[in-house]
Structures are given as structure tokens and as C-alpha cells.
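In the part that follows, the structures are each spelled out as C-alpha cells.
First chain A sits with chain B, and in the next complex the same chain sits with chain C.
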Partner chain A sequence: MSLSRIARHPRAGLLGCIHQQLFLNPSSLPGGADTRPMSRVPYRRPGEPKDNRPPWKKIKFDFAKGVEGVGRQMMLLKKELLDPLVGPEGKPMLEHMLEQNRVVWEFRGPECLEQWSVSSDREIGGQSEAYLKLGRNDNTCLLYGSLNAAPPRDGETRYSGYCTLRSKQRLCSFDRKTHFDWTSFNTLHLRVRGDGRPWMINLAPENYFSHQKDDIYSYFLYTRGGPYWQDVKIPFSKFFLGHRGRIQDDQHHLWLDKINTIGFTLGDKVDGPFQLEIDFIGVCKDYAHTEEFAYEKYKRNPEV
Partner chain B sequence: MKCARCLLRLQGLGSVVPSARTANRYAYLLQSTTAPVLTKPLVAFNSHGEASRHFHGSSAWAKSSPPSSDLKEKEKEIDKSLLSRDELFERVARNAKTKAAFDKAIEAFTKRDRRRRGHVEFIYAALQKMVEFGVERDLAVYNRLLDVFPKEVFVPRNFIQRMFNHYPRQQECAVQLLEQMENHGIMPNVDTKVLLVQIFGEKSHPMRKYQRLMYWFPRFKHVNPFPVPRLLPSDPVDLARLGLTRIANDLDAKVTVYQMPYTDITETGEEITLPHIVGTQSPDQVELLAKHDPSRPVFVEGPFPLWLRNVCVHYYVLRADPLPPGEKVEEPYDPERSLYYPLELSLELERDMGDLGDDFDVEDLDEGPVFAMCMTGQGDQATLNQWISGLQEANAVLGRVPTLFRLDAGPRELQSPAGESHRPHPPPETDPCVPGDEGGAGPARQEVDVTLEEEPQHSRGVKQ
Partner chain C sequence: MNPFILSILLLSLGLGTTLTFASSHWLLAWMGLEISTLAIIPLMSQHHHPRAVEATTKYFITQAAAAALILFASTTNAWITGQWDINFDLHFFPASMLTMALALKMGLAPVHFWLPEVLQGLDLTTGLILSTWQKLAPFILMCQIMPVNSSLITFLGVTSTLVGGWGGLNQTQLRKILAYSSIAHLGWMILVMQFNQQLALLALIIYIPMTFSTFMIFKTNSSTTVNTLAASWAKTPALTAITPMILLSLGGLPPLSGFMPKWMILQELTKQDIPLTASIAALSALLSLYFYLRVSYAMTLTISPNNLNATTPWRLQTTASTLPLAISATISAMLLPLAPATLALLSL
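Right after this comes the complex of A and B.
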């Protein structure tokens, strides 16, 4: 066991940009956002008392919710059962095999925003704001707000100032987790329009061990600014592993078979308003790109 | 595995150590006043062993302090010495907050005490003051700060020390220093390495941190495809030029300065400040604008923000609405436009029966063409009018096209989330019609302020 494993639990975030991606309180959000999934332990601010309620008290029992839920789950179940009859993921086999590119997220209506959650450092006591809405013609998604890097005055937190947009966990019937399988692709393709600020793209894969649940693969997204759209292609081989904001020493390439979420984080330590407009997010196969991993993976000698 | 567990345990222990130190100090005092028996267990409490070598406690006190002195007085003295670390900088800063002053403070500290007592607190204080003194991006200063650590004291000398977290407080301090370097994007150099090896040894945590910086920094040094110079030009015209070439997204785009900023005093004594107007237009945009149907209006929209590192500039856009779907004409490529290679190929390439093509299956966003962009010091309609009239020299069609202004008051503020709060609407600009300055160029340009007709909220923010 190496030192680097230990370094996985630092006291505070280091690389300000890949701070923890947390979810904002539902009260402070305009429509379409919701709370954190149950599986995630909420961030507890220093000095805040612990929530000692038993778990059953946190569940909201509601008949109306149940009735509404049954219908939705049945639809999902039906889709889940019938899709394999056509082929993998509901597509004919041939189409699935020859697929060159796939649009994973696009923003063509208000219901698309429900797949995303916005958060900012409000949750840890900071003063940034982030909001999500549809763009001008209701066919793009606009993330806007303002960043404030002043750390909360709780005596412990050293860095603050991030805003993030994160897709929600994909769920199939009865709220079971499903994942995106992008093994036949090797490049992430986005069409964005920013205002010149650098962002970070975070991909969270599904992991087996619970101590890996905050593992995130990240890369940078630089925006040009200006009135033109920008097509960004990022090979998955460029993504590097980080854990709770720290780049890890033993790197590994991203396994694309179980991708849970994608996130966009802004944390460039510049106070002021920001905006990022996203047209779509897709994956594609770039035959010219053969690299497996852009960073060294060899076992070091001596091991650190 | 074993080593790791030990290290973890020691992390917890590290918090105990400082208190153990202070306990030691008091132990000395007590030793002089009361019973010598007390010292023995306390020295054993010093977790680092080698009590004689690392005992920074109080050789000075043992010499100078009268045995009758009170513990409380001593405490006051300690407080004072703690204060003075911050004070060192404040005293120096009275003249000027410069690098020289900062260096002077470091020098004063190193000269004051051969043992460098309290250097960890001093370094933490210095790290906090760095931004204030404007030296946060100076590698030499970081190296000087590292130099404050006493050399070879914290180097583990046997395997047990190496296994445990040797001098965790000092190592943590050095790691934080390196972290501050990282946050400001400064790459350490060989001097840093030599210093770290001298202070903490080859395999200490600060050394690891150094190695990580040296691994990742060069890797990400040039990843930005749209680099911004570290030092931005202070002249607004140069800044606008830089920003416009960045957003133009076309190497052929030409930046034109329509008006240099200057301040003039009229005969009546009034001071007139003329803002700068810098615009850009590429040949493609000129062509687009030439083809524009004169009966459809063009819009001047803005201001939109553009961030260049930590400076926000605002730009305005001359654009038109997208054509309605029925009126679109696909123009065939002119084969003579390029004599070197064909601009259009229509080959029947049936590669595979299920070849799905390389295009994403999304609708294209049609937001209308962009004809020109500009930056100006003052975003009112009169100034932008001047820009339009400047544009007319290259684009004669602008004389016949109605130009509408969709401007927001001043730099765009943060848009309030729809439906949450209704900010009072900023007063619309009151001169709806500025006389066209080019008389005779077709019908007089029609300028309508449409700020009011648009949605009352500033949700137009991003429609570009």
C-alpha cells in the first residue's frame, strides 16, 4: 500500500477546479433542480450539528407520490423489457455495431433540464451563485451565475469558489442505477459557447468499492468566448484521475463501460459573472485517435 | 501497508505534538522553580526522541529568566513573540509593500534568532501576506521562504523516523507553501528541490509534492488552445484588439480602430471624453453582409461579456435574424473559388450498408449570421452609431438596411432567475432616433430602441 493511497483523504480541496461536486439546496434553485441522491452523504459544514434522525424519518411517505411513481416505473419497465427484443439499447444490432457517434444529452425543451442538477459553493458556505435555464430559442441550455472565491469564514475551509453543473444518475425502472456504456467510442464531443473562462469536465464512472465513489476523471474545457459556437472534441484518453479535488499519483485510463455522470465545473478563482451555453453533448469514434492513455501508467520503481 | 497505517496514526498524533512541545517549555520553567523530578516523564513525552537535539524549548529562558518569574508572565511573552511574526510584516509594510520589503522581513526573522524559533508560524504568516505584497508569483521569494526552515534537522536519520511522519507540522507547512505555489501556477525549480532535500530529505511529503508539481505542470502547460498572455495590455485599445482577435475565430479578420480614446476640453470648459471604438470584420462577414436582404433589419446587440484571464471586457455584435425556413437558398459553390482543390465532392461512397455517417443527429441551431463585432468604452447608442457609420465604408449595404439597437444598460448584471425576483427594469435609453450621419445614403436609417419591446426580464442575456 502506498503513500498515494493515503493522500486520497486530504483536509481540503487542492485543485480548486475539481472541488467536490455537490448539489445545491432545492430552495435556492429555480425550477428543474432537485436534491442529492440518497446514496451520497451530504456535506456537513464545519460546526454544523450532525443529523441524528433515524433513516426512516427522512423518507417522505406520500400516497399521491406513490401512485404517480407506479405509472412511471411501469413505463420504464416496459421499455426495459421490450428494448432487448429489438437489439442492444433499443436499436437494431447492425445500427448498434456501426454507430459512429451518439448524442447523449441535448437540450431541446424544458424537460431536458430535469436531467441536470446545478450547485455552487453555497453548500459549503461560499457566495457563488449558479442557475440553469434554457437559452434564447429554448433549444440550448444556459448555465449562468457569478463566481465568488471568498472562502467561508468557518475557520476550516481554505478554498472556495466553484459552480458546477452535473447530470443526474441515470435510473431505470424501480430507481435502479443504470450507466452509460460508451465503450465503442473514444472521444467526447461537445458544442458549447462560453465567455472565455476555463471549465473542467468531470466524468464519474461507476466503481465497486465505496472509497472510490468520489473518483472523478477530469479534463479541461477552454472556451473561446464570442458569438460563435465552438465544437470541442476531447479524447477520453486525456482524462486524468482525481479524488476529492486531488490528482492521484497512480493514474489509470477511464473505463467507459459504466459512466454515471458528466459534470462541468468552473473554479478559476476569478470573481465575476459567467455563462456557459451548451448545445449538445455527444460521444463519437475518432479513428485517427489511437492513444489509450495520455499519462504514464507504469509502476514506479521504487513504488512511492 | 504497515507504513501507511503508521503514517495515518501519526497524522492523529501530529496534532498532539505541538502541545507536547509547549508542555516541554513549561517543564523547563517548572524545573527551575520546583522539582527536577518532573522533567523526566515530560521529556519522554517528546515523541520525536532525541530530546537534546530538537529541544527548542528554552535555552535562553534557562539562562536569563529569574527562577521566581511567574508562569503567566512567560505566557505573555510567548504571546508577544507570536504576535511579532505578523508584526514583522506590518512594520516593514509601513513604507512600501514591495518585494524588497518582504525580503527585509524574512531577513529580519532569520537574523533575529539563530534557532529560527517559530519559523512555522512565520512561514504561515508570510504565505498569507504574499498577495498583499504582490510577490505571490515570484519563485525566488518562495525559495527564500523555504530557506527559513533550518536545514538537516528534519531529515529522518533512521528507519523508524522514516517510517513515521517525521516532523509533521513542518512538513505540512512546507506542503502548504508548495500548494500556494501551485495555486498561483508557479513551477518550482532545482533550487526548490535542493532546499527540500536539505530540509526534509529525499522522500518526505514536501518532496513528493514537489515531484507531483514537476510531473503535472509541464503536462498542462500548453493545453489551452486559446492562450491569453499572462500580462494583459493596460491600454483599453490594445485589450480590445486582443479580445476581438480572440473571438473573431477567423485569421483573416481585420481589426479596425474606428476611434481612439481622447479627452478634449471645449471652449465652454466642458470636458468631453470620447471612448475608443474598435471593431473587427472578416472578409466572409463582409460577403455575408453584402448578400443581406436590405428589407430585413440588422441588429446591434450587446453587451456580452468576454473574460481574458481575470479581466472582463464587453463586446457588441452586429447581426441579423435567421431567415425563415422557406427563404433559404442553398448557393452552389463557385468552382473557381479555389483552383487547387475542389470545394465540393459528390462521390457515391457506399462504404458499408449501415454506415451512419460522421454527423451528429442534432438539429442545427440557426441563430442568424454575425456581421461584425466591436468593443467600445461606452456602450451607448451614439457611440455604436459611430461604429455602424464606420462600418459603412466597407459595407455600403448598411446605408440601406434598417439598424435596430437591442442594448442592455451597461455591462450585463447577473440575470435573476426567472420567476424568483423581479428587478426593476433599468430605464431605457431615451433617444429613440439619432439622425443618420451619412445623409443621402439611401433612406435615412431607422433607429428604434427596442429595449422595451423585448421581454421585460433581461433574459436576452445570451441570445447571441
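Right after this comes the complex of A and C.
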């Protein structure tokens, strides 16, 4: 094939007679392959076949779905406009001031499971499994599966064997993010029943810039195996800052005015099945707990 | 922070604003604005908390964009008119650009979106500097470019008063409440600036001690939310009694000092034959008054039957100086009888 067949543009000005410049059009590449940069292409799980359909074939046009979507957004907008007439977060001011406990997540039906997403190292080619279902009598949720610490054979992953349950980002009208404001509280209160495995609780606050996108505040949840429920109360002052899994030297306390998601991660390097049953997740105010932050800051000799 | 570094930064802040005050050349005025922006950046991020760093970055980006727009507008004006002097009238197009750039600098609606988020990420002292000192330089430039596109100024003023009122309605974070308060007050100042710059200056002179008092009260109580403020009756009962006066003064109620600028501004707007604008501004002041009243109610008029969502601290003798707060609180609450003298001083 001669060069002139590949180039589909007119010759470039004065230099055209000396030097033919080749600009590869996306349409000229075989198979109409995607030439977008990696940051723009949606994630493709390893082993999944490539989706080379043109964009207009990927959208499912459905009038009923559109009408239902518009109706749902209008309802959310109406709630958003009317709630401030009552008070902050839709509650009267006195109720906001006197609130001491709040149940944030509970599992009373299949629609509650829609607020959570489950993931494991299967995303990167591992062999762990994790599933989420409602517990007995639709009162709890049960996260179960099995971990396998064998790393995927891709030549670069060294460790594997994890699973996570994370709440989805809360959205208000027109798919805008909304955040939890837990400034009235200082303790996370969970009622869980585990199998003795150590879990990690991750709180993700809202960040604006991409540098802080993976900032997560974590703490441990040690479950006791057995039929008895555990009431776990973890003060927010105990949560430490990590970024992409690495604990930061420069530690700061968690600001509670914009919390996005909570997550539970299991990665204890032990192969085998696991189960975690959660009754509810709430926040409360512990008056006996006055600590602001449990860890030393970066400065060894802070000025007083 | 190291006291030498702190003094360099504070002096640079002062230098930047003074430079802008003293300049008659647009480039020098722009330089003063940039110096004050750069000086406050380390102060804002000194604690290195992720939220403080986020607030600093947002502040830097908005202020740099506004400064670039100021530079572009002044250069365009110099291109068209051949003049760099601030005292000379601006061409229409650069004047409108400068107005929008200065509105972005100050946090006027509709370019106010950065202010509540930035103020929320800062500690109270730096927030105080941002709300008071950093408003001076762009304000004085805005005074000097008047009269400019009248409908644009009226739009900025009315939108700011409305947004300042609506935005602060359901806030429980005190810093965000003060941010919306700042937007509303600046709206009032801008509305009257096109007719009477001395009145705008009077509004600013009254606004600064009121905001200073409010920030110092919150700092004394170490409170950043309405809930923690509600426990202040146990910490500082005297301050709890004075705070409603300051807050209602911010809301513009007579016989407190804050009533003076609002009264004069409404009178001036009526004299200029724009009663509709005056009515909208007065009604939007009611919105602001509602949330000031709510904070006063939560702080002073409630004693909870059970433990509040705040820790009751030990009532120890304070080592911090209370003189600045005493002076500013007195100015904020008791200056109204001096209105005739103040107006005569400002040649009104």
C-alpha cells in the first residue's frame, strides 16, 4: 500500500512537495478502534471483549424510561426546594440541635441493597468472590463470599485477596452529589455480626481536586465470631488518613461536614470464606468522648 | 507558624492593600492585589489539612483569574484610550470587564460560589482576614471606576443581596453563614456605590467591626457550628448576652449600628428614583435577618433540657486579650446615635 492511500488530507503547504506528512485519522485505522486517551475510555475488565459499537448504538432510547426519569428528578428537586422551608436537612432547627443519634443506613428491603456496591479482586483478575444479599426476615444485610490471595497472573500484581462493600454516592436532583453532615455527632455506631475476621472501615469525605480524590479515613473493625451481635462504637477521632491505601505521615482529623461514602474492606491475607452481617449503621454523640484526634500530628514539637 | 514568617506575610498583606490604595496606575493596583493574594495563601494553608489546602487552591484559582481579567481589562483600556491612569474614565467594554473581575475578587453574586467553600475550609482567624481585609483593595478600585454600567452594578447588587439572604437560610456552619452575610453586605455597598461612594465607604466601615466582632466571638467560644454555639451560655455568659446585639446589628435592626448604612442606602436609592431596587434590597435583608435571628435564638434564648450536641468545657480564666472584641462590639452595637456626626464627617 502506498503512503498516499493512507494519508487522507491535502498536502501541507510549501513543504508538501518535499515531505509528505501522515496524519492518521481514527477512521483510517483498521476496525474503527478507539483512539481516545486512557483517561477517557471506560474501564474494561481483563478478559472482557472490547466493545467497538458506535456510540449511538450503546444508548437505549426509551420514552417511558425518559418520562420516569424526568418525574423522579422533579420529585427530588421539589424535595430539595421544600426541605429548606422546614429547616436544615429538612428537619426543624430545634430537632437538629437536639439530635443525638441517627441511623444512616439500615437494611429493610431489596431497595436498600441498591445503595451499596460490592467489589473484589475479581476486577483485576483475582479469584475472590463477594456477594451481598438481605439477611433473614429482611432485617439485615449479609456480605459473604470467599477470599483467595493468589495474585492474578498479569506480571505486575504482587498481592491480592480483598473484597469491599461500599455505599454508593448519594445523589440529589439531576444527579448532583449530596453529602452527609455529621458535625452534630462524634461516633460511628454499627451493629454487626462477623466471623472473627478483621475488617477495615473507610470513610470518604468530599474532595474537590483530583489530588485528594483517593483520600480515605480508615479504622479497624474486629469482629467476634459467634451468634451474638456486636455493638461497635468508633469515635471519628480514631480515623486516620490514608491515600490510595498508604497511611500518610501528615495526619489530620476527619471533617464531618461533607462525608460521601462508607466502605468495609476485608484483606487479611487469609484464604477462605467470610461473612459479615450488618443490622444498621448510624452515628451518635458520645458526651464522654472529648478527644479531637487520636494521633500525633506531623510536627514533633508543635507550638502551643 | 514561625513569627518571622508570620510577620512577613502579614506585612505583605498590608503592603498589597496599601499599594492598591495608593496607586493611580492600573498596573501598580494590579500588583497590589497580587501581593495580597500571594501573602494570604500561606496563611490559609498553614495547617495543611486537606480541606484547608482545597480552600487555598480554590481561592488562588479564583483570585488569579480575577487578577488576570483586571490586567487584561486595564491593558485593553490602555490600548483603546491610551491611558493607564485610574482617575481617567474607562471605555465601556474594559469597564464592564473590570467590574466583573472585581466582583469575582470580592465574591459578589453571581460569581460568589467560591466564597462559602473557601471560608468553610479556613480557621476563624484567617477567615476573618479574608472577610474584612481582603475586601478593601477591590472595593476601593470599584469606587474609583464608578460611574460605570449602571444596570450591571444594580444587577450585581440586587443578586448579591438576594443570594446572600437565600444562601444562608439553612446553614448550620457558622463560617458559611458569615460568607453569605458578606455577600449580602457587599451587595448593599455595590448598590449605592454608583450614586454615592461615601455611603458605600460608610457601609464598609460599619461592616468591618461587626464582622470582626462576630468572628472573635466564635473564636472565643471555639465554635464553628450552631450546635456548639448553643452551649456558650455555660462558657461565656456575658458574651452570650452581647452576641445577639452584634448579630442583629449585622441584620440591620435599629437602634444598633448596622441600621445606619441600610437606612442611608435606602434613602439614597429612593432619592435616585429606584424604589423597586430599594424594596427588593430591603426585603432580602429580611432573609438575612432571619438567619441572624436564628443563630441568636440558638445561642441565647435556648437552654436545652438535656445535654446539647457540644462539650461543656471548663470555665477557666482566659489568657487571650478581650480588648479588641470589647471595642469592636461597642462600635457594632452603639454607634447609631453618632449617625449625624458620622454623616457630616463623610460629607453626606
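To be clear about the criterion, the second predicted complex is superposed on the first by the 233 of 304 C-alpha atoms of A that agree within 3 Å, B and C clash if a C-alpha of one lies under 4 Å from a C-alpha of the other, contacts with A are read in each partner's own complex, and residues count from 1 in each chain.
Basically, a contact is a pair of C-beta atoms (placed from the backbone, for glycine too) under 8 Å apart; a residue touches a chain by one contact, two chains touch by 3 or more.
These numbers come from a predicted model, not from an experiment.
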item	value
Which of chain B and chain C A:R122 touches, first, second, both or neither	neither
Chain B versus chain C as contact partner of A:Q100, first or second or both or neither	both
Which superposed partner A:Q212 touches (first chain B, second chain C, both, neither)	second
Partner chain in contact with A:H252 - chain B first, chain C second, else both or neither	second
First (chain B), second (chain C), both or neither touched by A:R166	neither
Greater residue coverage of chain A in the superposed arrangement, chain B or chain C	B
Chain C-contacting residues of chain A that also contact chain B	94, 97-100
Residue ranges of chain A in contact with chain C within the complex	83-84, 87-89, 93-94, 96-100, 181, 183-185, 205, 207-209, 212, 215, 241, 250, 252, 255, 257, 285, 287, 290, 298
Complex contacts: residues of chain B adjacent to chain A	1, 3-4, 7-8, 179, 182-183, 208, 212, 216, 219-220, 223-226, 228, 243, 246-249, 304-310, 312, 315, 317, 319, 352-363, 365, 367, 370, 373, 412-415, 417-420, 459-464
Interface residues, chain A side, partner chain B - complex	1-3, 5-7, 14-16, 29-31, 94-95, 97-101, 103, 106, 108, 129, 131, 133, 135-137, 139-140, 142, 144-146, 189, 193, 195-198, 220, 222-229, 247, 249, 269-270, 272-275, 277, 279-280, 282, 284, 295, 304
Residues of chain C defined as touching chain A within the complex	47-51, 53-54, 57-58, 117, 120, 169-173, 225-227, 230, 294, 298, 302, 304, 306-309, 311
